[in-house]
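I am attaching a structure below and will ask some questions about it afterwards.
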């Protein structure tokens, strides 16, 4: 464990200097598993994935494998995917439907709400009395949802999801609650491995518009988007969360256009009537991260959710989905799906370059000399304003220009505070 | 090094709780290499593998590569397979016959009893006088055998093999000394790698009949054995060793039967006359482990020896042999061989599932949340009796039912005591 | 960090015992990255690779990736290949020509002398004023050359290259300054990975003639060299450097002869007239290492430079070049090239065996028992003399016989002193 | 099936693979019909007895028609496709070719592939899988009218999919 | 050798591989004669100059006759063969096919294989080796009458061998 | 191209591969003409758009003529070639064979290879690449008159190159 003092030296929010060490050091990483992933609200799935009782998916919270399942009573459960007897994964599938899970090692069976239902030959084997009530699958201390997005938290002392999201909730509403019926995920998930630290991806999505014209400059070259102007924003609503984009919506362009763009504009007009003129400026709400590792893109062409699962200091597993409004017409869903696959995911003409960059950043920062240096997050220092000053309407949070690292600074401040704190109460 | 106190917290023999941490933690693992594998008697081979002077095999003691060789005088030597000059492996073969080993780096040569025979150009290179007597291959402090099974121990202060085995010896006699001429290994060794902690395998063989009807349930499905009853035992003769099985012998069944079963029954009848009626109950003696990592199966269909070589917290190399009585008729040896290959080894219709389970257990226990939990070894707690009460004849050791984790508790108690002790004398 | 005291125990120069631990221990390795590779002069390239302004190669200093480049003013720069913004490798090529490097992540661009030239949209993104002068690529504190060989050093307090080389310089002159115009590298570099600790290779080249007749004994078998006599030397000019060979030049032989041998003899005759009769004895100067990881072979058939880049305790990347006198006739260059490829590099009939040996040495030394032992470097202990006594002419340094580990002892003494010292001044 | 016919198809696939391995992407693109679908669904672990593939309403690793496939190729010439600049080194082992002739001018071809790619110094990926192509004869030459590909992985073990299959 | 004859054998091996890759184990089993020996000895490091294989008195990775081979296939349908439930994803590269005709109705076939398998999320194994088969024509179709296989490993680098070769 | 002609060349390459895999090095050597060049340049990362190979004035992984190639083979019999004693286990997948007939008696042959080798207990290397051979008919048999090979790696991921390609 690095001490409070050691941690505090790693992030200087006044200058925007963040020690490279935090992206490569194994001790820092172990501490993250405990103090970040062991305490924060982590995205584990979306309710639209659970249409029927018994529907489940498997995913991760930090490095811990979990099952997310709708039980017989229709309730969503998050369960550690590890038998209480000898730890075996009780479910070895990506998704499916199950009334119960029978462990393949000794046959203990667990209900789809996690209770230990039966152990084989219980009477003769455990006549001393096994306390089945105490041996259900482990589960996070808290589970909650927002617009169908399911979050879970191992820490009973963590603030509620609502409090944790804070002012970010206001903006997530704009992303996930635009049409009657809300959102749903298109089937299938892109899963792949990048040889890079998870924070590189989280920080990229929280506030890094600045990489887009370079990393993704080939998009202009092939005519699927126009060159980038300077007219956008980064909003930091607190608690390490953040989002940003071009005013008017990310990713306008000509090539390979789909009817989704005019459609979303219509949707936005309706929303604007309800909420005010800021809507047309910041909806769709662009790129963003809910601290620590849930990110999204919400553009004129598609929406995506993604989680950056940590797999060691130098490795992450990306899980990424395409998100649509449930009420979107089928042919538009199909168009969005195709657009998404073409531009994002491992083969996406945008996303290919992120993999190249994040893996090489991590490699180049790992040497003895390199890791003594800092990464530089000084962009936009001293030019942060209240969002309401710029956009009116009492909008919450701080705002910076589109080319600003305000959100990354807020993210690493939060990271530092959590890493240094012994408990949530210590943090406050 | 974890302290005595830290180690003691990891194993609670009163409740059967064993910390998952011990199956995944790198520091625990390093300590095991020193305090378990550096001190315990380790199986390194069987005398039947060394028919002629010079015959050798290579294997491991813990992670250390060793040569086991019968020297020119017919004596079995165990030698660290690493040149005293610059550490090169002096032997890079699995087995063979050698009068000496010439190191491929600088040509130092060692006799088949480990002495440094010659160094090239000794006079001109080492005229200052190299002490060849001091530079023979390193060797364990103690080597001893039981029924041809060769064990070695690095620690000069360790108890003798006899004392170390304690009451387990009584039962090993029943396994290895049933026919005139004793046992021998069928040629060839199955070697493979499992992504799992070595203790999972050792604990599985020491006392885990309970997994058999589930993990290996497909055997019933294909008719090669009948469903399991409850009529069996687990015997814990002390010092962490253990064995168990069905009364009457493991693995009765119909499908793919061989004449070995009636044959072994005959052998057993003779033995019974000598020793008493308990023989027909517990011979063949089923599954078992000699602490720490030598295990066996002794069934109505075959016998196997295996060693679970540690290769890191998450990895083991299995070496497994098929064992027969030397006096077994050739056609029965052939039948046993085929039966064994069909059911055990990496492609065995039984053993395939063990690889799946152990690797996934280790993976699922490795997360931050998972590794804070315990594995549960409470089965049969409080119902342990003296073996002699159940089987008569002053049989040594404690006994539990077939579905009992008595042996695992004894194994982890021993593990804990050795891990916490600074020396063997400290242990007593 | 191992303490001074712990380090000192690892190397005993009186007996030639060097703890195996230093070849396999991860903590020792981390300390090496800081105290050896972070402080010593490291070879990074040769001026002949940079014919035009803008010519560059990429290589490593320790584990840190660096660019070596001739800038617009013709000066050689060594630059950490990691963007100061978010660490991305700014150059992902082996070699080429560049006026500047544009980072593929956010487009910061750096001149070929390392200055930060421009950041995209600087005015709007960084109107707070980014200090571009402070954000150029990081560079070693010192860079210097000898006969075109470029060395760099991260430590501003390190002695000058001249002082660091000490008396080794006298001998390097004999290797690299024999013909008008000096030396040059043949194009292309052999790069490969060996599963062995870097010191095994450095120590092999610094003084290990003794392995040659055994490891490379097949060369006699195929008639490309005659059996080895005893007539040679090892010279230790101090500071951990060393070299040695057969008197009259390494690698005489019959098979696959090239006209290079008679040619070099002529060159040597001329040199001898200038310098004295020792020249025909020790030129070409054989095998050698400039501490820590730059080695060479200078034989009657070819010359090679190589660097043993550390990649973890058990892994090194070899980079190896073939070196010729610039003035060598083209057909002789071609002959040397072919001879070199046939005998050295990954497929070389000599070098193949080194890979086998070094990887298996490292593997065999890594076990718990093995790593408690020492490697033995006692050869020639007590028979070290002044080089001038043997060769006259006030030749600097100590000398041992061809079969002597004098140079390795000096190398590990230097290693120990540097590992234990907090700073260069501490060392003196 | 006639030898010349079979060999024509096999050689077509080898030549196609070589165009990719040699970086001749435009020539490669010309081997596809204008209405081609270039589709790589993903293998999921959903069933006890089979490895389900994602359907065409679900996500895929690729799902291109000629226009987007052309853009992928064009992208490589923009000077900003950093994932392939500098380019990966690739080599394609194409094997187990099976042909079903649907007509004289249309065949369905199964093949297995191992695509090996390394890039920069030591990034290394091996993609193993299979393809089902429909080839059509157009003006005397074969063209690929449909290509369905599968990589036999669940979690893709690569930084990206910047090469073609 | 006649083209049709050679092609028939090659296609037979490809089809066989595909049956395995597609999980059609019963159909695969039907390709073997009733007296088949399905044998995979192990490579050991015993000699200075060759890689000895274990003899048929020694252990092997497989040594099945039709009855046990059938049980292996049946096992996959028991619902308790967890090593293959959920199933592995596999793909077989069969190459370097060489044929020795022993008669019109009996051939000896050499082939090399690369069997790629992944399972669950990221378990990955690549088995490379070679086979020597004896094929016999039975009722107008080829059947495998003997199969000897070698994986070119010493310590098998897998959790198990739950797939066929 | 005639079937028998093509098959002759394919079988020649398979037999050649098998000679190596079976350790028959002298027989393998006899397949080369006396003036053969056996050359394996290296792939470098020098350009933005192609993977340059080292030229023949630069270093290579192999650059042998018959005399040195013969010495490499002879070396294996000296009893001191420890890199191959005990010998590696190898298996060669040869695929994507393309033939350009330069004349009746001379052909240029492209092929891709995957050479799998393990040695001792668990050392494992997979070399993937391609070859361009010139074969000449000499006394009724094909001989290799030129061989150019490429391994698709930049930093070679092996302890050495002690096997042939």
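Letters A, B, C, D, E and F name the chains as they come in the text, with residue numbers starting at 1 for each one.
In this text, a residue touches a chain if its C-beta (ideal position, glycine included) is under 8 Å from a C-beta of that chain, and two chains touch if they have at least 3 such contacts.
Note that the structure is predicted; figures quoted are calculated from it, not measured.
**Student:** Spell out the chains that contact subunit B while also contacting subunit F.
**Tutor:** C, E
**Student:** Count the touching C-beta pairs: is D-F or A-D ahead?
**Tutor:** A-D
**Student:** Since subunit D and subunit E are copies that touch, just let me know if over half of their interface numbering is common to both, same, or not, different.
**Tutor:** Counting which numbers both chains contribute, under half are shared, so the two copies meet through different residues.
**Student:** If you average the CA atoms of subunit C and of subunit E, how far apart do the two points sit, in angstrom?
**Tutor:** Here the centre of subunit E sits 49 Å away from the centre of subunit C.
**Student:** Using mean CA coordinates as chain centres, what's the gap between subunit C and subunit D in Å?
**Tutor:** For subunit C versus subunit D, the centre distance works out to 45 Å.
**Student:** Using CA atom averages as chain centres, what separation in Å is found between subunit E and subunit F?
**Tutor:** 27
**Student:** Using the average of all C-alpha atoms in each chain as its centre, how far is it in Å between subunit B and subunit E?
**Tutor:** Roughly 32 Å, centre to centre.
**Student:** Which residues belonging to subunit A are in contact with no fewer than two other chains?
**Tutor:** Residues 92-93, 104, 191, 193, 214-215, 353, 356-357, 360.
**Student:** Give the residues of subunit D that touch two or more other chains, as numbers and ranges in rising order.
**Tutor:** 3, 45, 47, 79, 82, 86, 93, 95, 114, 120-122, 126, 154-155, 157
**Student:** Which two-chain combinations touch?
**Tutor:** A-B, A-C, A-D, A-E, B-C, B-E, B-F, C-D, C-F, D-E, D-F, E-F
**Student:** Within the complex, which stretch of subunit B touches subunit A?
**Tutor:** 20, 23, 200, 208, 210-211, 213-215, 230, 353, 356-357, 360-370, 373, 375-376, 378-383, 401, 403-404
**Student:** So in the complex, which bits of subunit D are touching subunit E?
**Tutor:** Residues in contact with subunit E: 1, 3, 6, 43, 45, 47-51, 93, 95-98, 110, 112, 114, 126, 128-130, 152-155, 157.
**Student:** What part of subunit F is in contact with subunit B in the complex they form?
**Tutor:** The contact residues of subunit F facing subunit B are 82, 86, 120-122.
**Student:** What residues of subunit D sit close enough to touch subunit F in their complex?
**Tutor:** 3, 7, 11, 14-15, 17-18, 21, 23, 79, 85-87, 89-95, 114, 116-118, 120-122, 124, 126
**Student:** Inside the complex, what are the residues of subunit E that reach subunit B?
**Tutor:** By the definition above, subunit E touches subunit B via 40, 42, 44-47, 54-55, 57-64, 67-68, 71-72, 74-75, 77-84, 120, 123, 154-162.
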